[in-house]
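What follows are several structures.
In the two complexes that follow, chain A is the common piece, with chain B as its partner first and chain C second.
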Partner chain A sequence: MGEMSNRKSEALVKTEHLSVRFPLKRESPFSKRRYVNAVSDVSIEIFKGEAFALVGESGCGKTTLADATLGFAAPSAGEVFFNGEKLDIRNKKRLKQQRRSMQKIFQDPASSMNPRFTVARAVAEPLMIRRELGEKRILSKTAEAIESVGLSSGDLDRFVSEFSGGQQQRIAIARALVSGAEYIVCDEPVSALDVSVHAQILNLLMDIQKERGITYMFISHNLASVRKFADRLAIMYLGRIVEYGDAEKVFANPMHPYTRMLIDSVLSLDGGKTAINAPPEANEALQEEQGLYASNDGGCGFRRRCPIGRSECESIKCSLEKVESDHYTECPYAANR
Partner chain B sequence: MNVFSVKNLRVAFPTPRGIIRAVEGIDLSIERGECLALVGESGCGKSVTSLASLKLLDPSVSIVKADEHTILGENMLDKGEREMESIRGKKASMIFQDALSALNPVMSVGKQLDEVFTLHFHLKKREAKARSIEALRSVGIENPEARYRAFPHELSGGMRQRVLIAMAFASNPALIIADEPTTALDVTVQKQILSLLSEMRRKNGTALLLISHDLSVVYSMADRIAVMYSGRIVEEAPAEELIRNPLHPYTKGLMGAVVRIDDKKGRFTQIPGGLPDPANKPEGCYFAPRCAEAAEKCGKCRPKLAYTGGSHYVRCFMHGGERDGRNEQ
Partner chain C sequence: MKLFQKSFGGIAGFIGRIWRHRQGRIGLILLIFLSLVAIFAPLIAPYDPYDVTQRADKGLAPSLEHPLGTSITTGQDVFSMLVYGTRVSLLVGLITGIAIALLGSVLGVAAGYLGGAVDMLLMRIVDVMIVIPTLPLTILITNVFGKSYVVIVLVFVLFGWTGLARTVRSLVLRLKNADYVKSAELAGAGRWYVMKTHILPAVSHLVIMSTALSCAGIMIAEAGLSFLGLGNPTAISWGKMLADAQSGGSMLFGQWWTIIAPGIGIFISVFAFMRLGLAIEGIVNPCMKGGSDAKRLLKHIRGRYLDEVLESMEDGAK
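== the complex of A and B ==
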């Protein structure tokens, strides 16, 4: 899909036929090594200043894909580009420089920060590691960052563990902002928090984006939040992108059966008890067992859970096909279901 | 008859910073086969309420008091730890949020299930095993004979939650308390687990106390919903009534926080601020500092839970609430 050139803005992050695999433990020293394809053949573009969402269930490879764009996971095939330049994981020196414009916010703020650090130390750490600024500059930048996330500079001397989950996530956001990153990966930033705090954190992230023009990779499994948050998105299943493109277009016209399944899983305040009375998915156990290996055996990875699956799906070679401009799906049968 | 009832439940934790009043006078009652949901933010006291309901709080760090506390008509107030052990897991059992830490990591799930039958029903090992395998099958686990030997880490999150549900229903208790049973799960798995839970409940006629921070989860399960804020119930009504006609501003805020799938890109509706410091609660209505509708009176004294008709109760001066003398210091 090389025809995104009608977009004016340029891609900040780009992957080309990216695959990442991890070796499995061998059953015996003589058996052939087996691999898990955490990410297979993924080509995406994330444009400057947009919020790009990566959606899928746990174990589908979203975190590995995000890590590959940060140079944390080595590709087994394909390439990653950041700002037009190739991310070479072996060139440690260059990678270190490139990483200065990248940051990551984790799901659980309590375990991603040292509870015995003061807020000041937790936030200032990226600046201290760089050793470019003097103490005074670091202090003023830290105070500025902590105020931009809605806390006060009086909180700087308190310990990270003294704060509530939502406040700790704010501190984690301040830490990502302090070094002036252009690209921030938010890995399920609200999943560990209360529903009532979700809105506060997501609004804060949106405000920051508006102010500073940051590019987000937003990882989530909740499509309702994604629709409000994201400009573009990719739906991921077993390491492959099954639907991709402009968020509003995908929601207005979801093509892949997996996308529809995710949309149907969102609970609302309309359905009441009928919402969960639908028969549970027949092949849940299968889903969990096949998880790791399915992407090796040819055919569509989703076929065993698919409500519109047919015999051709066993051997089909999936690739993203265009539905409309900036909307692609892997399922060839989605249109005439 | 009520399966479970508690009147004026109070829980406090003495700490060096002062006494933390986690629960301040809660009345709950659940009838046979009914599902009551307790909704609120983390720190509002809902988990403490659930633990206190089965007397699971450590008496060396907590003070628990109640005017009445019964399970199946039996008085719990004077029961000791030994007697409680024979009630928990048999007459009333619990499903925890994090299945990985609720299960013993070095024991196969089958052996853990066996315990329900050997301890409470004094079955022989072999009979217990047969019952355990049956229990695993009843929660939709395929190939239960093989899963019987699996260790918790070998199962996925959804599967582990199924094992916990099997364990909770194994003794066919009259009451199950489920504390955030789906919070740690994916959305697709969440729906499967909720439908399993409601199906098991229907089949066995079990009463359920469901605890969650997510109104959309609660609404898919509950007959009645109680909204909790900072240790007190602020609104209680039948599920339909509460969602159609929410009165308390906090309930409205929680409803606004549920994101709908047909919402377009834009800002999220948020409730400003956070829960009050539990060691230093506000003088008036606890929600007043965050409340958009608060009047002068709200900052001065605390409202009582008032009846508004149609078994709908609300604790708010704007909706017929009167001053509550009971819990004011």
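== the complex of A and C ==
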């Protein structure tokens, strides 16, 4: 991927052959430990100031990948770099330093802020933890942040739990702004909210990014919703990145059959529900499949659902191959469909 | 900075919130009433039931002199016994409840937060404690160490901390991985900050709630043990009043008031603590519906003593 480093801006977040796995409960003390490979061999770069979208169905490992870039999930293989420096979970002191420029906006805003906190305390918490500013400065910064997300400073002394989901998500955004983070993971920030506020929150996030040049890792299970503002994106399936690169190029020329499925389902009348939001049973099957995927390292993970699958897919060793500049896919048969 | 400090606003603020809660206010009022009765028992009770010279004829029906009649076995004034009995019940309930709260929360936090070997060890101890049949062991212990309320309290604490420790542990585990803790860690929070700001306050609310409920459970259990004759035989308690009524054959002679009186005492105090516990839960977990921590705790408390005691009471009544 030499070409990407030629870009004007440099990578803020970078993973190299990153894998994260979780141990499954053992059926008996004597059986062999099995693992869920939540993230397998992922190498991506997120450049400064861009909105990077991570798209895939639920359970495919998006949150785990994002958490690994925040130092929450320990890699079982590979590495994470932040600002060119390795992110080492064991080096607590250094990690604390590095995390000062990171924040995360969670799917469920109600759980992302202590329900016992007032808005003021929730928003100001990052500053109060650091104890670098005086009370007056903290208060003025807090008020400024809460106003910049469209709430009023009169709301500061109410409890977080008194607000609606959309307002809570605004408060969470204000909190991320106050912390001065340059890298913000937005983990499905609207999927727990009422549909009527989706657009408002997304617009707010976009405006903030334009104003402050923040780098986003924006997670979504809906490809259509990222089309408007993703600069670059990665499509994830069962822990692997199956297509990756410049968003315009991926939308214009989708290569991987899974990406095409996502785009087609977006165009269909049900708004993409069929392919993307698999029912719970299907999800269990998915996890089972994931377990299988973990145990035999041969074959394409998508082959069972693939419309263009062939016998070679059983044993193929997938890796991202270049399609054009800043556009990669794992499927070698995609070009001659 | 007031804006940042206002969370639940200390103990005074917390009591204020309970007061503003409809159920909580009922509980608080009843509890204050019971405490006053216990403290001023000598002023309220018309007779001193501990004074042998103040005994009347046995088994008298209610009258102006003896509003609830006299005891069928000793001739003590039942109303005075009821008033004095508040002392034993309330003291045993409160002391045990608070001791359990301290022990259970410290061990629960230690297990949940430290994890590893500490957690393993404590949880294995809990596992063992839970399968020990408590009532036979209590009988055994009181036989060895003598029948006294000190022994009863110690036994209650010995067996009572496990449920709370487990609940606290799982709360701590949940909070340790909560989104808002992750978010604070991203902002640079250390272990001590997380503990102090996010974990301990939530734990303390859970513990206060469970203490209110466990006090209720303990008062019932205490009555049960006194009924079985395991309490201090010279002390006057509601359980012992029930036991006397039963052994004297109150039901046989139609003297229902000697049974109703201690029953009302037990009912009021259990009711008070339950209202309080449920109110605190409503305040602490405003978004929780039906199948809540309180209900689970209640089940647990009942599971320990009450079921066994109730069973043996039924057996005794047969």
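Assume the second predicted complex is superposed on the first by the 305 of 337 C-alpha atoms of A that agree within 3 Å, B and C clash if a C-alpha of one lies under 4 Å from a C-alpha of the other, contacts with A are read in each partner's own complex, and residues count from 1 in each chain.
Keep in mind that, in the parts below, a contact is a pair of C-beta atoms (placed from the backbone, for glycine too) under 8 Å apart; a residue touches a chain by one contact, two chains touch by 3 or more.
Here the structure is a predicted model, which is why all the values come from computation and not from measurement.
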Touching partner for A:Arg100 - first (chain B), second (chain C), both, neither: second
Touched partner set for A:Ala120, first chain B, second chain C, both or neither: second
First, second, both or neither for A:Ser112, with chain B first and chain C second: second
Partner chain in contact with A:Met128 - chain B first, chain C second, else both or neither: second
Which partner, chain B or chain C, touches more chain A residues: B
Chain B - residues contacting chain A, complex: 41-43, 140-143, 156-159, 186-192, 194-196, 198, 213-217, 219-221, 239-240, 243, 253-255, 257-261, 263-272, 274
Chain A to chain B touching residues, read off their complex: 57-59, 164-167, 194-200, 202-203, 206, 221-225, 227-231, 247-248, 251, 261-263, 265-269, 271-273, 275-281, 284-285, 288, 291
Touch list for chain C against partner chain A, complex: 1, 3-8, 178-180, 182-190, 193, 197-198, 201-202, 286-287
Chain C-facing residues of chain A, complex: 70, 72, 96, 99-100, 102-104, 106, 108, 110-118, 120-121, 124-126, 128-130, 135, 138-139, 156-157, 161, 175, 179, 181
